[in-house]
Amino acid sequence: MFGGIHALSNISLDVLPRQIVGIIGPNGAGKTTTFNVITGAYRPSMGEVRLDGKAVTTQPPHLIARAGISRTFQNIRLFGDMTVREHLLVAQAHRGFSPRRLLPTRWADPEAFRRTEEILEFLKLGDVKGRIARSLPYGVQRRVEIARAISARPRLLLLDEPVAGMSHNEADDIRGLILKLRAGGLSILLIEHDMSFVMNLCDYLYVLDFGVMIAQGRPEEIRTNPTVLDAYLGHGT
Amino acid sequence: MMSTYYAGLLADVGILLLGALSVYIILATGQLSLGNAGFMGIGAYLTSYLTVTKELPLTVALVIAAAASGAVGVMVGFPALRLKGIYLAMATLGFGEMVRSFFLNFDLMGGAGGFRGMHHVSLGYIWTWAAAISLSVAVLEHSQIWLELRAVRDDETAAALAGLDTTTIKVGSFGFAAAVAAIAGGLFAHHHVYIEPGNFGFERSIDFVLAVILGGSTIGAGALVGSLLLVMLPEYLRFLAEWRFTVFGALLIAMLLVRRQGILDRSLFSVSRLGRSA
Amino acid sequence: MLLQQLVNGLTLGAVYTLIALSFSLVMGILGVLNLAIAELFMLGGYFGFAAILAKLPLPVALLAGMAGAALVAAVIERVGYQPLRNAPVVTPMLSTLGFSIILQNVATNVWGSDPLQLPDELLAARFTLGPVSASAMQLTVIGATVILVALLAFIVQRTSMGRALRAVAENRDVARLLGVSAGPLTLLAFMLSGALAGAAGVLIGLHYAAITPYIGVEIGLKAIAVMVVGGTKRIWGALIAGPIIGLAEVMTTAYGGSQIRDFVVYGLMIMILLLRPQGLLGDRHTEQGPRV
């Protein structure tokens, strides 16, 4: 609730292991708000968020992230003055009050260092690993965001409009990437406006409108659901 | 053998360096503090009290004062979490003035009349501390924890959602900075052997900020360059003597217009790191 | 005795109100804390003094102070603000800091760091009303403030310039889209705020019958506290916060000693920043923006 306005009401969604779930709906439906609640940026006035059965609703965002939920953002939020490699390093190495954090990551956490190189390889970011994030082209920045999110070794990856503004080819690459990530054991929850992308990828869909869930089901079911069509047509754009 | 005058200048550089570093440490997390002279004042008065009244050795007194000031820094750091940008700057300005006002009223240590009785400490001693702390910061800048500091500065929300404990980082930076500023204060007190509340007011806080912004706000070494500039430049341009603050003000404006990050820049050093990772 | 403190507090409060309005104009419209305002306040005082010592009448001196400060403010806007207007607001704030450093240094060199005194005969008359007595000087200060505030209110509420200013304050991007050109408006905002600060400088100089280059830091900075307490985005908050802080300061001096008064004033500011950041008059919109 925001100052009297119900941003989200009675939303209930589940993501099973190795499932790719999509949240769709017209603009302003509350999709990003849902992400914000899941990651702990917003606290719901009612309800719960559970990871593997354990409630994480009231935990601060950084602990939820460490528990295994990572996300990317609609408007890319990278660390402007840091290199690509530094993004991945900083996202994984954090252990309490250990004096090891006073050392460079290479010595403090060689495991993280190695993993960073792997992920850079995996996402074809090897060439740009020393470049400052701010100087990279849009498509590469998106990949860096995803790289950062997965370097934290999440169980659930939240992708907020991962292919926004991308060409068909680029979107295809991302689709392939998501499938590879799923094969590697990740569960993925994504928000997207690109219908063909969503229909071709997701195992299950939830449709939101005005903060309320108006439909859920497999893509084939949703595609022909009259309530859903109504919501989209009713909104015009 | 160095002249006393020149030694005095170098002492001022060392002390200003520590003050500038205290601003730099907080700035590294994206917070601007305009009140670090307050921490310097706490350090100066507490150190002086311990050496003069309790007759403790200076080094012990400095460590105790640094710890105490660090605790105050942490206490300031927590409410500071709720403020950002200019509002935080205003609050820290207020804090600095409150500390100054407190010592004006603190008759136990002289109040407006100031406090004296400290013994004079050598240039070598001052620079031992200045060098030790500067080197520690320089080493720390390559650490994992400094990566986290930088992430918090660049995008605090994204940092939190990437698993970083932004609270500990931001509050911790205030604590660390307060301790460093306190040492600057203790050394100041034992170099000038007289302190008064006016020494630790807004103008002092601004000196620190000026040194960092001019010398380079993205790397610790910038504090050294800035401190050298502020203390030494007037010596080389003697005719400027009374107008040196006009020059510094103009330099600040020019720097912000032309090269916002200051003289030194982190990227100037990354080339020399020859591909070594963060 | 208490009523007497009231008059003293109101006089000081009037000056605070003017300076706080000055801070608030730039802060509310541009989001920038113009630290140079404290020194514009000081400069205005010197300009006014120069006029008085040149035997010019008081209203002219007041205008001299306002005009001089407004001119310097215009320079600051062109050189220090315009090129940096798209940077994070802390950057232009640091730029104004640079100007304040310059201005104080210049004033110290031109006029010396010793206080400049006013001739004694000026407005020495006192008026007594029952247990309270106010000097003509105090009444002048309060009266002039009322007139200036009324003028400002007229400009902001009734003129098209003022409407434009308010539009920019509401939403800078939208205002630009609507064709309200930001450039001349920000210059206007700076000059108006300079004029207010300059007026305050002349008035405080009259009140104390002396002026030093340090009143900017001593008094001007505290007006930031007034702005915060009144509500940084609500410029009229300064109208009640000014007298409140002025009174608080005078009372603290009378009953607690002058050394602790800054502690109280800034303490109030910090409390408001933490507990009620929108100020006494502000509404509940958070000043900091959304968390995500």
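Labels for the chains are A, B and C, by order of writing; each one numbers its residues from 1.
Going forward, a contact is a pair of C-beta atoms (placed from the backbone, for glycine too) under 8 Å apart; a residue touches a chain by one contact, two chains touch by 3 or more.
Small disclaimer: the values here were computed from a predicted structure and weren't measured.
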item: Chain whose mean Cα position lies farthest from subunit B; value: A
item: Central chain of the complex, centres being mean CA coordinates; value: B
item: Euclidean distance of C-alpha centroids - subunit A vs subunit C, Å; value: 48
item: Subunit A and subunit B: spacing of chain centres that average the CA atoms, whole Å; value: 40
item: Gap in Å, rounded to a whole number, between the CA centres of subunit C and subunit B; value: 30
item: Multi-chain contact residues (two or more partners), subunit B; value: 157
item: Where subunit C touches two or more other chains at once, by residue number; value: 291-292
item: Residues of subunit A whose C-beta touches two or more other chains; value: 41
item: Subunit A-facing residues of subunit B, complex; value: 140, 142-145, 147-148, 150-151, 153-155, 157-167, 218, 266, 275-278
item: Footprint of subunit B on subunit C - complex, ascending; value: 27, 31-33, 79-80, 83-84, 87-91, 93-95, 97-106, 108-109, 217, 221, 224-225, 228, 257, 259-263, 266-267, 269-270, 273-274, 277, 287-289, 291-292
item: Interface residues, subunit B side, partner subunit C - complex; value: 32, 79, 82-87, 89-91, 93-95, 97-98, 100-102, 104-105, 111-112, 157, 201-203, 206, 209-210, 213, 242-246, 248-253, 256-257, 260
item: Residues of subunit A that touch subunit B when the two form their complex; value: 39, 41, 60-62, 65-66, 70-71, 73, 77-83, 85-86, 89-94, 100-106, 108-109, 113, 130, 148-149, 152
